[in-house]
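Note that chain A is present in both complexes that follow, paired respectively with chain B and with chain C.
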Partner chain A sequence: MEINNLDKIQDIFIETLKLQIEEYTETLSYIEYDPWDSVTHMKIVAKIEQAFDIEFEMRDIIAMETVAKVKEIVAKHINELT
Partner chain B sequence: MTSNIDEVYLEGEDFIVRSLRQSDLTKRYLGWMNDPEITQHLETRKNDSSMEELVSYFENQSESTYQTFAIIDKHNDKHIGNLSLSPISLKHNQTGLGGIIGDKEYWGNTGAFVESMRLLIEYGFTVLKFHKIHSGVSMFNIPCIIASKKVKFLEEGYRKDHMRYPDGSYADVMIFGQINPYIKNKKT
Partner chain C sequence: MDLETIGLGIDLIEYESFEGIQDDVRFLKKVFTTEEVSYCRTKNDPLPYLAARFATKEAVIKALGQLDEDIFYSQIEILKRENGSIKVILKEHPHFVVKVSLSHGKRSAIATALATRA
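And then the complex of A and B:
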(Lines of atoms letter the chains of each structure in order from A and count residues from 1; the text may use other names and numbers.)
(Lines give C-alpha, C1' and ligand atoms only; values in the text may rest on other atoms or scores of the structure.)
Protein backbone atom coordinates (compact mmCIF):
# COMPACT_ATOMS: atom_id res chain seq x y z
CA MET A 1 0.00 0.00 0.00
CA GLU A 2 1.22 3.53 -0.74
CA ILE A 3 2.71 5.59 2.08
CA ASN A 4 -0.03 8.22 1.98
CA ASN A 5 -2.69 5.55 2.33
CA LEU A 6 -0.88 4.06 5.32
CA ASP A 7 -0.70 7.56 6.79
CA LYS A 8 -4.43 8.00 6.34
CA ILE A 9 -5.11 4.81 8.28
CA GLN A 10 -2.65 5.79 10.98
CA ASP A 11 -4.23 9.22 11.35
CA ILE A 12 -7.70 7.71 11.67
CA PHE A 13 -6.59 5.32 14.41
CA ILE A 14 -4.62 7.94 16.35
CA GLU A 15 -7.46 10.45 16.16
CA THR A 16 -10.30 8.02 16.97
CA LEU A 17 -8.59 6.03 19.71
CA LYS A 18 -6.65 9.09 20.96
CA LEU A 19 -3.41 7.13 20.77
CA GLN A 20 0.17 8.22 21.30
CA ILE A 21 2.19 7.50 18.16
CA GLU A 22 4.12 4.71 19.90
CA GLU A 23 0.86 2.96 20.82
CA TYR A 24 -0.04 2.60 17.14
CA THR A 25 1.34 -0.80 16.17
CA GLU A 26 0.47 -3.54 13.69
CA THR A 27 -0.66 -5.79 16.53
CA LEU A 28 -2.99 -3.29 18.22
CA SER A 29 -6.20 -5.31 18.51
CA TYR A 30 -9.82 -4.66 19.49
CA ILE A 31 -9.74 -7.97 21.35
CA GLU A 32 -7.04 -6.81 23.75
CA TYR A 33 -7.40 -3.02 23.80
CA ASP A 34 -10.53 -2.08 25.76
CA PRO A 35 -10.93 1.50 24.46
CA TRP A 36 -11.32 0.00 20.96
CA ASP A 37 -14.92 -1.00 21.61
CA SER A 38 -17.81 -1.52 19.21
CA VAL A 39 -18.73 2.16 18.99
CA THR A 40 -15.13 3.18 18.30
CA HIS A 41 -14.79 0.34 15.83
CA MET A 42 -17.75 1.57 13.80
CA LYS A 43 -16.30 5.11 13.86
CA ILE A 44 -12.99 3.79 12.51
CA VAL A 45 -14.81 1.80 9.84
CA ALA A 46 -16.91 4.81 8.77
CA LYS A 47 -13.86 7.10 8.61
CA ILE A 48 -11.89 4.61 6.51
CA GLU A 49 -14.83 4.09 4.17
CA GLN A 50 -15.08 7.84 3.72
CA ALA A 51 -11.33 8.40 3.34
CA PHE A 52 -10.94 5.70 0.68
CA ASP A 53 -14.41 5.90 -0.85
CA ILE A 54 -15.00 2.21 -0.29
CA GLU A 55 -17.69 0.16 1.41
CA PHE A 56 -16.94 -2.82 3.60
CA GLU A 57 -19.03 -5.94 3.88
CA MET A 58 -20.13 -7.09 7.30
CA ARG A 59 -17.54 -9.88 7.34
CA ASP A 60 -14.75 -7.37 6.63
CA ILE A 61 -15.93 -5.15 9.48
CA ILE A 62 -15.84 -8.08 11.88
CA ALA A 63 -12.47 -9.32 10.57
CA MET A 64 -10.77 -5.96 11.13
CA GLU A 65 -9.46 -7.09 14.52
CA THR A 66 -5.98 -5.57 14.32
CA VAL A 67 -4.28 -2.65 12.59
CA ALA A 68 -2.51 -5.15 10.33
CA LYS A 69 -5.81 -6.77 9.36
CA VAL A 70 -7.37 -3.36 8.69
CA LYS A 71 -4.51 -2.51 6.31
CA GLU A 72 -4.86 -5.86 4.56
CA ILE A 73 -8.61 -5.44 4.04
CA VAL A 74 -8.29 -1.83 2.88
CA ALA A 75 -5.58 -2.89 0.43
CA LYS A 76 -7.86 -5.59 -0.94
CA HIS A 77 -10.61 -3.05 -1.56
CA ILE A 78 -8.28 -0.51 -3.14
CA ASN A 79 -6.88 -3.17 -5.48
CA GLU A 80 -10.41 -4.17 -6.44
CA LEU A 81 -11.02 -0.58 -7.51
CA THR A 82 -7.93 -0.33 -9.68
CA MET B 1 -42.80 -17.08 43.64
CA THR B 2 -39.38 -18.70 43.77
CA SER B 3 -36.71 -19.95 41.41
CA ASN B 4 -35.12 -23.35 41.78
CA ILE B 5 -31.50 -22.26 41.89
CA ASP B 6 -29.13 -21.00 44.56
CA GLU B 7 -28.30 -17.31 44.56
CA VAL B 8 -25.20 -16.40 42.56
CA TYR B 9 -23.43 -13.07 43.13
CA LEU B 10 -20.41 -12.11 41.02
CA GLU B 11 -18.80 -8.72 41.53
CA GLY B 12 -16.64 -6.99 38.96
CA GLU B 13 -15.03 -3.58 38.81
CA ASP B 14 -18.09 -1.68 37.60
CA PHE B 15 -20.82 -4.30 37.31
CA ILE B 16 -22.39 -7.12 39.30
CA VAL B 17 -23.85 -10.27 37.81
CA ARG B 18 -26.25 -11.95 40.19
CA SER B 19 -29.14 -14.38 39.98
CA LEU B 20 -32.33 -12.83 38.71
CA ARG B 21 -34.62 -12.05 41.65
CA GLN B 22 -38.38 -11.81 41.94
CA SER B 23 -37.98 -8.08 42.54
CA ASP B 24 -36.32 -7.78 39.10
CA LEU B 25 -39.54 -8.82 37.35
CA THR B 26 -40.72 -5.28 36.74
CA LYS B 27 -42.65 -3.53 34.00
CA ARG B 28 -39.34 -2.03 32.95
CA TYR B 29 -37.86 -5.49 32.36
CA LEU B 30 -41.03 -6.59 30.58
CA GLY B 31 -40.68 -3.48 28.43
CA TRP B 32 -37.23 -4.63 27.28
CA MET B 33 -38.63 -7.96 26.11
CA ASN B 34 -41.35 -6.21 24.12
CA ASP B 35 -39.15 -3.53 22.55
CA PRO B 36 -38.36 -4.61 18.95
CA GLU B 37 -35.20 -2.51 18.95
CA ILE B 38 -33.84 -4.29 22.01
CA THR B 39 -34.81 -7.79 20.93
CA GLN B 40 -34.06 -7.43 17.21
CA HIS B 41 -30.98 -9.68 17.34
CA LEU B 42 -32.52 -12.41 19.53
CA GLU B 43 -33.54 -15.67 17.92
CA THR B 44 -36.19 -16.00 20.64
CA ARG B 45 -37.71 -12.54 20.15
CA LYS B 46 -41.51 -12.33 20.25
CA ASN B 47 -42.32 -8.83 21.52
CA ASP B 48 -45.68 -9.76 23.04
CA SER B 49 -44.45 -11.22 26.31
CA SER B 50 -46.69 -10.96 29.35
CA MET B 51 -45.74 -10.63 33.01
CA GLU B 52 -47.12 -14.15 33.52
CA GLU B 53 -44.64 -15.50 30.96
CA LEU B 54 -41.80 -13.62 32.63
CA VAL B 55 -42.77 -15.13 36.01
CA SER B 56 -43.04 -18.59 34.49
CA TYR B 57 -39.61 -18.20 32.86
CA PHE B 58 -38.20 -17.12 36.22
CA GLU B 59 -39.79 -19.96 38.17
CA ASN B 60 -38.83 -22.68 35.69
CA GLN B 61 -35.09 -22.03 35.88
CA SER B 62 -33.03 -24.99 36.98
CA GLU B 63 -29.43 -26.08 37.10
CA SER B 64 -30.07 -28.51 34.28
CA THR B 65 -31.99 -26.29 31.83
CA TYR B 66 -31.27 -22.57 32.04
CA GLN B 67 -30.30 -19.89 34.53
CA THR B 68 -30.82 -16.16 34.16
CA PHE B 69 -28.76 -13.44 35.77
CA ALA B 70 -29.25 -9.71 36.22
CA ILE B 71 -26.51 -7.25 35.23
CA ILE B 72 -26.34 -4.48 37.83
CA ASP B 73 -24.40 -1.23 37.57
CA LYS B 74 -22.45 -1.12 40.84
CA HIS B 75 -22.38 2.66 40.86
CA ASN B 76 -26.14 3.22 40.91
CA ASP B 77 -27.56 -0.25 41.67
CA LYS B 78 -29.47 -0.16 38.38
CA HIS B 79 -30.61 -3.35 36.66
CA ILE B 80 -29.45 -2.75 33.09
CA GLY B 81 -29.77 -6.12 31.39
CA ASN B 82 -29.65 -9.87 31.69
CA LEU B 83 -27.38 -12.75 30.86
CA SER B 84 -28.43 -16.35 30.67
CA LEU B 85 -26.74 -19.70 30.64
CA SER B 86 -29.01 -21.43 28.17
CA PRO B 87 -29.48 -24.09 27.00
CA ILE B 88 -27.55 -26.02 29.64
CA SER B 89 -26.61 -29.55 28.66
CA LEU B 90 -25.38 -31.59 31.62
CA LYS B 91 -25.06 -34.57 29.29
CA HIS B 92 -22.44 -32.80 27.21
CA ASN B 93 -21.18 -30.62 30.06
CA GLN B 94 -21.69 -27.39 28.14
CA THR B 95 -23.94 -24.36 28.03
CA GLY B 96 -24.97 -21.58 25.72
CA LEU B 97 -24.49 -17.99 26.79
CA GLY B 98 -26.76 -15.15 25.75
CA GLY B 99 -27.98 -11.82 26.94
CA ILE B 100 -29.30 -8.35 26.35
CA ILE B 101 -28.52 -4.87 27.54
CA GLY B 102 -32.05 -3.58 28.04
CA ASP B 103 -31.18 -0.11 29.30
CA LYS B 104 -30.38 1.84 26.15
CA GLU B 105 -28.27 4.34 28.10
CA TYR B 106 -25.66 1.57 28.24
CA TRP B 107 -25.67 0.73 24.55
CA GLY B 108 -22.62 2.85 23.82
CA ASN B 109 -20.81 1.09 26.65
CA THR B 110 -19.50 -2.25 25.39
CA GLY B 111 -17.71 -2.50 28.73
CA ALA B 112 -20.92 -3.44 30.54
CA PHE B 113 -21.48 -6.50 28.38
CA VAL B 114 -17.82 -7.49 28.26
CA GLU B 115 -17.27 -7.27 32.01
CA SER B 116 -20.51 -9.10 32.77
CA MET B 117 -19.76 -11.89 30.31
CA ARG B 118 -16.23 -12.29 31.70
CA LEU B 119 -17.67 -12.71 35.21
CA LEU B 120 -20.23 -15.28 34.12
CA ILE B 121 -17.81 -17.23 31.91
CA GLU B 122 -15.34 -17.43 34.80
CA TYR B 123 -18.15 -18.69 37.06
CA GLY B 124 -19.24 -21.19 34.41
CA PHE B 125 -15.75 -22.63 34.10
CA THR B 126 -14.52 -22.49 37.72
CA VAL B 127 -17.67 -23.17 39.77
CA LEU B 128 -20.06 -24.98 37.42
CA LYS B 129 -17.08 -26.57 35.66
CA PHE B 130 -18.60 -26.66 32.20
CA HIS B 131 -16.28 -28.08 29.58
CA LYS B 132 -17.51 -25.60 27.00
CA ILE B 133 -19.47 -22.35 26.74
CA HIS B 134 -20.84 -21.31 23.36
CA SER B 135 -22.99 -18.68 21.71
CA GLY B 136 -24.51 -17.72 18.39
CA VAL B 137 -24.52 -14.09 17.29
CA SER B 138 -26.18 -12.47 14.29
CA MET B 139 -23.72 -10.94 11.83
CA PHE B 140 -25.68 -7.70 12.16
CA ASN B 141 -24.98 -7.52 15.89
CA ILE B 142 -21.52 -5.98 15.71
CA PRO B 143 -21.37 -4.88 19.39
CA CYS B 144 -22.08 -8.43 20.54
CA ILE B 145 -19.57 -9.93 18.10
CA ILE B 146 -16.84 -7.59 19.31
CA ALA B 147 -17.79 -8.29 22.93
CA SER B 148 -17.65 -12.04 22.21
CA LYS B 149 -14.13 -11.70 20.80
CA LYS B 150 -13.04 -9.55 23.73
CA VAL B 151 -14.04 -12.32 26.15
CA LYS B 152 -11.89 -14.75 24.15
CA PHE B 153 -14.63 -16.66 22.41
CA LEU B 154 -13.24 -18.29 19.28
CA GLU B 155 -15.10 -18.30 15.98
CA GLU B 156 -16.18 -21.83 15.14
CA GLY B 157 -18.07 -21.04 11.98
CA TYR B 158 -21.17 -19.57 10.44
CA ARG B 159 -24.76 -20.65 10.01
CA LYS B 160 -25.88 -19.27 6.68
CA ASP B 161 -29.10 -17.20 6.65
CA HIS B 162 -29.95 -18.60 10.06
CA MET B 163 -31.96 -15.66 11.41
CA ARG B 164 -34.83 -13.74 9.88
CA TYR B 165 -35.31 -10.12 10.88
CA PRO B 166 -38.70 -8.38 11.10
CA ASP B 167 -38.02 -6.66 7.75
CA GLY B 168 -37.72 -10.08 6.09
CA SER B 169 -33.94 -10.01 5.64
CA TYR B 170 -31.85 -13.00 6.66
CA ALA B 171 -28.60 -12.89 8.59
CA ASP B 172 -25.78 -15.36 9.02
CA VAL B 173 -25.14 -16.35 12.62
CA MET B 174 -21.56 -16.57 13.88
CA ILE B 175 -20.92 -19.51 16.16
CA PHE B 176 -18.53 -18.83 19.04
CA GLY B 177 -17.14 -21.21 21.62
CA GLN B 178 -14.64 -21.42 24.42
CA ILE B 179 -13.25 -24.57 26.02
CA ASN B 180 -12.68 -24.53 29.77
CA PRO B 181 -9.05 -23.43 30.13
CA TYR B 182 -8.80 -24.86 33.64
CA ILE B 183 -9.66 -28.46 32.86
CA LYS B 184 -7.89 -30.87 30.56
CA ASN B 185 -10.30 -33.71 29.88
CA LYS B 186 -10.26 -34.12 26.14
CA LYS B 187 -11.03 -37.65 24.95
CA THR B 188 -8.18 -38.88 22.77
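And then the complex of A and C:
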Protein backbone atom coordinates (compact mmCIF):
# COMPACT_ATOMS: atom_id res chain seq x y z
CA MET A 1 0.00 0.00 0.00
CA GLU A 2 1.24 3.53 -0.75
CA ILE A 3 2.69 5.52 2.14
CA ASN A 4 0.05 8.24 2.00
CA ASN A 5 -2.67 5.59 2.29
CA LEU A 6 -0.92 4.08 5.31
CA ASP A 7 -0.71 7.57 6.79
CA LYS A 8 -4.47 8.04 6.28
CA ILE A 9 -5.18 4.86 8.24
CA GLN A 10 -2.71 5.86 10.96
CA ASP A 11 -4.29 9.32 11.27
CA ILE A 12 -7.77 7.82 11.60
CA PHE A 13 -6.68 5.44 14.37
CA ILE A 14 -4.73 8.12 16.26
CA GLU A 15 -7.58 10.63 16.02
CA THR A 16 -10.41 8.21 16.86
CA LEU A 17 -8.69 6.28 19.64
CA LYS A 18 -6.77 9.36 20.87
CA LEU A 19 -3.51 7.40 20.67
CA GLN A 20 0.06 8.53 21.21
CA ILE A 21 2.07 7.81 18.06
CA GLU A 22 4.06 5.06 19.83
CA GLU A 23 0.82 3.30 20.78
CA TYR A 24 -0.09 2.84 17.10
CA THR A 25 1.26 -0.59 16.16
CA GLU A 26 0.38 -3.39 13.75
CA THR A 27 -0.70 -5.56 16.67
CA LEU A 28 -3.04 -3.01 18.28
CA SER A 29 -6.13 -5.16 18.84
CA TYR A 30 -9.88 -4.62 19.12
CA ILE A 31 -10.06 -7.47 21.62
CA GLU A 32 -7.16 -6.41 23.84
CA TYR A 33 -7.31 -2.59 23.75
CA ASP A 34 -10.35 -1.49 25.79
CA PRO A 35 -10.87 1.97 24.22
CA TRP A 36 -11.31 0.23 20.83
CA ASP A 37 -14.91 -0.73 21.62
CA SER A 38 -17.86 -1.42 19.34
CA VAL A 39 -18.83 2.25 18.89
CA THR A 40 -15.24 3.28 18.18
CA HIS A 41 -14.88 0.36 15.77
CA MET A 42 -17.81 1.59 13.70
CA LYS A 43 -16.45 5.15 13.81
CA ILE A 44 -13.12 3.88 12.44
CA VAL A 45 -14.93 1.87 9.76
CA ALA A 46 -17.01 4.90 8.68
CA LYS A 47 -13.95 7.18 8.58
CA ILE A 48 -11.91 4.71 6.51
CA GLU A 49 -14.80 4.25 4.07
CA GLN A 50 -15.05 8.03 3.75
CA ALA A 51 -11.30 8.52 3.33
CA PHE A 52 -10.90 5.84 0.65
CA ASP A 53 -14.36 6.08 -0.93
CA ILE A 54 -14.95 2.38 -0.40
CA GLU A 55 -17.64 0.30 1.30
CA PHE A 56 -16.90 -2.70 3.50
CA GLU A 57 -19.02 -5.83 3.75
CA MET A 58 -20.16 -7.18 7.10
CA ARG A 59 -17.52 -9.92 7.12
CA ASP A 60 -14.75 -7.35 6.53
CA ILE A 61 -15.93 -5.18 9.42
CA ILE A 62 -16.05 -8.17 11.77
CA ALA A 63 -12.59 -9.32 10.60
CA MET A 64 -10.92 -5.95 11.35
CA GLU A 65 -9.55 -7.07 14.71
CA THR A 66 -6.07 -5.52 14.47
CA VAL A 67 -4.41 -2.61 12.70
CA ALA A 68 -2.59 -5.10 10.46
CA LYS A 69 -5.88 -6.73 9.47
CA VAL A 70 -7.48 -3.34 8.77
CA LYS A 71 -4.58 -2.46 6.45
CA GLU A 72 -4.90 -5.83 4.66
CA ILE A 73 -8.65 -5.38 4.11
CA VAL A 74 -8.30 -1.77 2.94
CA ALA A 75 -5.53 -2.84 0.52
CA LYS A 76 -7.82 -5.53 -0.89
CA HIS A 77 -10.55 -2.97 -1.54
CA ILE A 78 -8.18 -0.47 -3.11
CA ASN A 79 -6.74 -3.15 -5.40
CA GLU A 80 -10.25 -4.13 -6.44
CA LEU A 81 -10.77 -0.55 -7.59
CA THR A 82 -7.61 -0.38 -9.70
CA MET B 1 -36.23 -25.48 29.43
CA ASP B 2 -33.06 -26.28 27.49
CA LEU B 3 -30.59 -23.48 28.28
CA GLU B 4 -28.37 -24.58 25.40
CA THR B 5 -30.98 -23.15 23.03
CA ILE B 6 -31.01 -19.70 24.63
CA GLY B 7 -28.62 -16.82 23.99
CA LEU B 8 -28.25 -13.91 26.39
CA GLY B 9 -26.65 -10.52 25.70
CA ILE B 10 -26.16 -7.22 27.51
CA ASP B 11 -24.57 -3.91 26.53
CA LEU B 12 -24.06 -0.45 27.97
CA ILE B 13 -23.30 2.66 25.91
CA GLU B 14 -22.09 5.92 27.44
CA TYR B 15 -23.52 8.93 25.61
CA GLU B 16 -20.10 10.59 25.63
CA SER B 17 -18.88 7.97 23.13
CA PHE B 18 -21.80 8.79 20.85
CA GLU B 19 -21.25 12.55 20.60
CA GLY B 20 -21.23 13.73 16.98
CA ILE B 21 -22.64 10.48 15.66
CA GLN B 22 -26.07 11.96 14.94
CA ASP B 23 -24.37 13.98 12.18
CA ASP B 24 -22.18 11.15 10.86
CA VAL B 25 -24.27 10.03 7.88
CA ARG B 26 -22.03 7.11 6.97
CA PHE B 27 -22.02 5.75 10.53
CA LEU B 28 -25.79 6.10 10.79
CA LYS B 29 -26.33 4.34 7.47
CA LYS B 30 -24.12 1.40 8.40
CA VAL B 31 -25.63 0.87 11.83
CA PHE B 32 -29.26 2.03 11.79
CA THR B 33 -32.25 1.62 9.51
CA THR B 34 -33.99 4.62 7.97
CA GLU B 35 -36.95 4.09 10.30
CA GLU B 36 -34.74 4.03 13.39
CA VAL B 37 -32.97 7.26 12.44
CA SER B 38 -36.29 8.93 11.58
CA TYR B 39 -37.75 7.97 14.97
CA CYS B 40 -34.71 9.21 16.92
CA ARG B 41 -34.75 12.49 14.99
CA THR B 42 -38.28 13.20 16.21
CA LYS B 43 -36.72 13.70 19.65
CA ASN B 44 -35.24 17.01 20.84
CA ASP B 45 -31.97 15.22 21.54
CA PRO B 46 -31.63 12.12 19.33
CA LEU B 47 -28.36 11.00 20.93
CA PRO B 48 -29.74 8.98 23.91
CA TYR B 49 -32.21 7.26 21.60
CA LEU B 50 -29.55 6.34 19.05
CA ALA B 51 -27.27 5.15 21.86
CA ALA B 52 -30.06 3.00 23.34
CA ARG B 53 -30.68 1.40 19.95
CA PHE B 54 -26.98 0.74 19.48
CA ALA B 55 -26.81 -0.88 22.92
CA THR B 56 -29.84 -3.01 22.03
CA LYS B 57 -28.29 -4.13 18.75
CA GLU B 58 -25.05 -5.02 20.55
CA ALA B 59 -27.03 -7.05 23.09
CA VAL B 60 -28.82 -8.87 20.25
CA ILE B 61 -25.49 -9.58 18.50
CA LYS B 62 -24.10 -11.02 21.74
CA ALA B 63 -27.22 -13.13 22.37
CA LEU B 64 -27.21 -14.58 18.86
CA GLY B 65 -23.45 -15.06 19.08
CA GLN B 66 -24.05 -17.48 21.93
CA LEU B 67 -26.14 -19.49 19.46
CA ASP B 68 -23.26 -19.37 16.91
CA GLU B 69 -25.17 -16.96 14.66
CA ASP B 70 -23.47 -13.93 13.12
CA ILE B 71 -25.59 -10.85 12.57
CA PHE B 72 -24.76 -7.21 11.84
CA TYR B 73 -26.23 -3.94 13.11
CA SER B 74 -28.07 -3.10 9.90
CA GLN B 75 -29.79 -6.52 9.94
CA ILE B 76 -31.45 -5.72 13.26
CA GLU B 77 -34.27 -3.21 13.48
CA ILE B 78 -35.41 -1.81 16.82
CA LEU B 79 -38.92 -0.40 16.69
CA LYS B 80 -41.21 0.98 19.37
CA ARG B 81 -44.79 -0.27 19.55
CA GLU B 82 -47.66 2.10 20.35
CA ASN B 83 -47.82 0.69 23.89
CA GLY B 84 -44.16 1.63 24.41
CA SER B 85 -42.71 -1.87 24.27
CA ILE B 86 -39.80 -2.63 21.97
CA LYS B 87 -40.08 -4.86 18.93
CA VAL B 88 -37.02 -6.42 17.29
CA ILE B 89 -37.03 -7.35 13.62
CA LEU B 90 -34.24 -9.64 12.40
CA LYS B 91 -34.24 -8.93 8.68
CA GLU B 92 -32.26 -11.95 7.49
CA HIS B 93 -32.63 -14.32 10.43
CA PRO B 94 -36.33 -15.29 10.53
CA HIS B 95 -35.51 -18.56 12.31
CA PHE B 96 -34.62 -16.72 15.51
CA VAL B 97 -36.77 -14.83 18.03
CA VAL B 98 -35.31 -12.12 20.23
CA LYS B 99 -36.77 -10.31 23.23
CA VAL B 100 -35.08 -7.18 24.52
CA SER B 101 -35.31 -4.71 27.32
CA LEU B 102 -33.62 -1.32 27.35
CA SER B 103 -33.30 1.69 29.59
CA HIS B 104 -31.55 5.03 29.37
CA GLY B 105 -30.41 7.42 32.05
CA LYS B 106 -28.59 10.75 32.18
CA ARG B 107 -25.24 9.45 31.00
CA SER B 108 -25.74 5.98 29.52
CA ALA B 109 -28.11 3.47 27.99
CA ILE B 110 -28.26 -0.24 28.76
CA ALA B 111 -29.98 -3.14 26.99
CA THR B 112 -30.41 -6.86 27.43
CA ALA B 113 -31.46 -9.43 24.85
CA LEU B 114 -32.70 -13.00 25.02
CA ALA B 115 -32.57 -15.06 21.83
CA THR B 116 -33.88 -18.46 20.89
CA ARG B 117 -34.68 -20.42 17.74
CA ALA B 118 -38.18 -19.83 16.39
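The rule we apply is simple: the second predicted complex is superposed on the first by the 82 of 82 C-alpha atoms of A that agree within 3 Å, B and C clash if a C-alpha of one lies under 4 Å from a C-alpha of the other, contacts with A are read in each partner's own complex, and residues count from 1 in each chain.
Operating definition for what follows: a contact is a pair of C-beta atoms (placed from the backbone, for glycine too) under 8 Å apart; a residue touches a chain by one contact, two chains touch by 3 or more.
Note that this is a predicted model, so its numbers are computed, not measured.
Enquirer: Can A:Asp34 be said to touch chain B (first), chain C (second), both, or neither?
Expert: Only chain B is touched by A:Asp34; chain C is not.
Enquirer: Examine A:Glu22 and indicate which partner it touches, taking first as chain B and second as chain C; both and neither are also allowed.
Expert: Neither partner.
Enquirer: Should A:Glu2 be classified as contacting the first partner (chain B), the second (chain C), both, or neither?
Expert: It touches nothing on chain B or chain C.
Enquirer: Using the touch definition from the top, say if A:Glu49 reaches chain B (first), chain C (second), both or neither.
Expert: It touches chain C, and chain B stays clear.
Enquirer: Between chain B and chain C, whom does A:Glu80 touch in the aligned arrangement: first, second, both, or neither?
Expert: The answer is neither, since A:Glu80 touches no partner chain.
Enquirer: Quick check on the superposed pair: does A:Glu65 touch chain B, chain C, both, or neither? Answer first, second, both or neither.
Expert: In the superposed model, A:Glu65 contacts chain B only, not chain C.
Enquirer: Using the superposition described at the top, list the residues of chain A that contact chain B and also contact chain C.
Expert: After superposing on chain A, chain A residues 37-39, 42, 58, 61-62 contact both chain B and chain C.
Enquirer: Give the list of chain A residues in touch with chain B in this complex.
Expert: Chain A residues touching chain B: 30-31, 34, 37-39, 41-42, 58-59, 61-62, 65.
Enquirer: Quick check on the complex: what are the chain B residues that touch chain A?
Expert: 108-111, 114, 139-140, 142-143, 145-147, 149-150, 152, 174
Enquirer: What residues on chain C touch chain A, complex-wise?
Expert: Per the touch definition, chain C meets chain A at residues 11, 13, 17-18, 21, 24, 26-27, 30-31, 54, 58, 70, 72-75.
Enquirer: Taking the touch rule as given, give the residues of chain A at its contact with chain C in the complex, in rising order.
Expert: 37-40, 42-43, 45-46, 49-50, 58, 61-62
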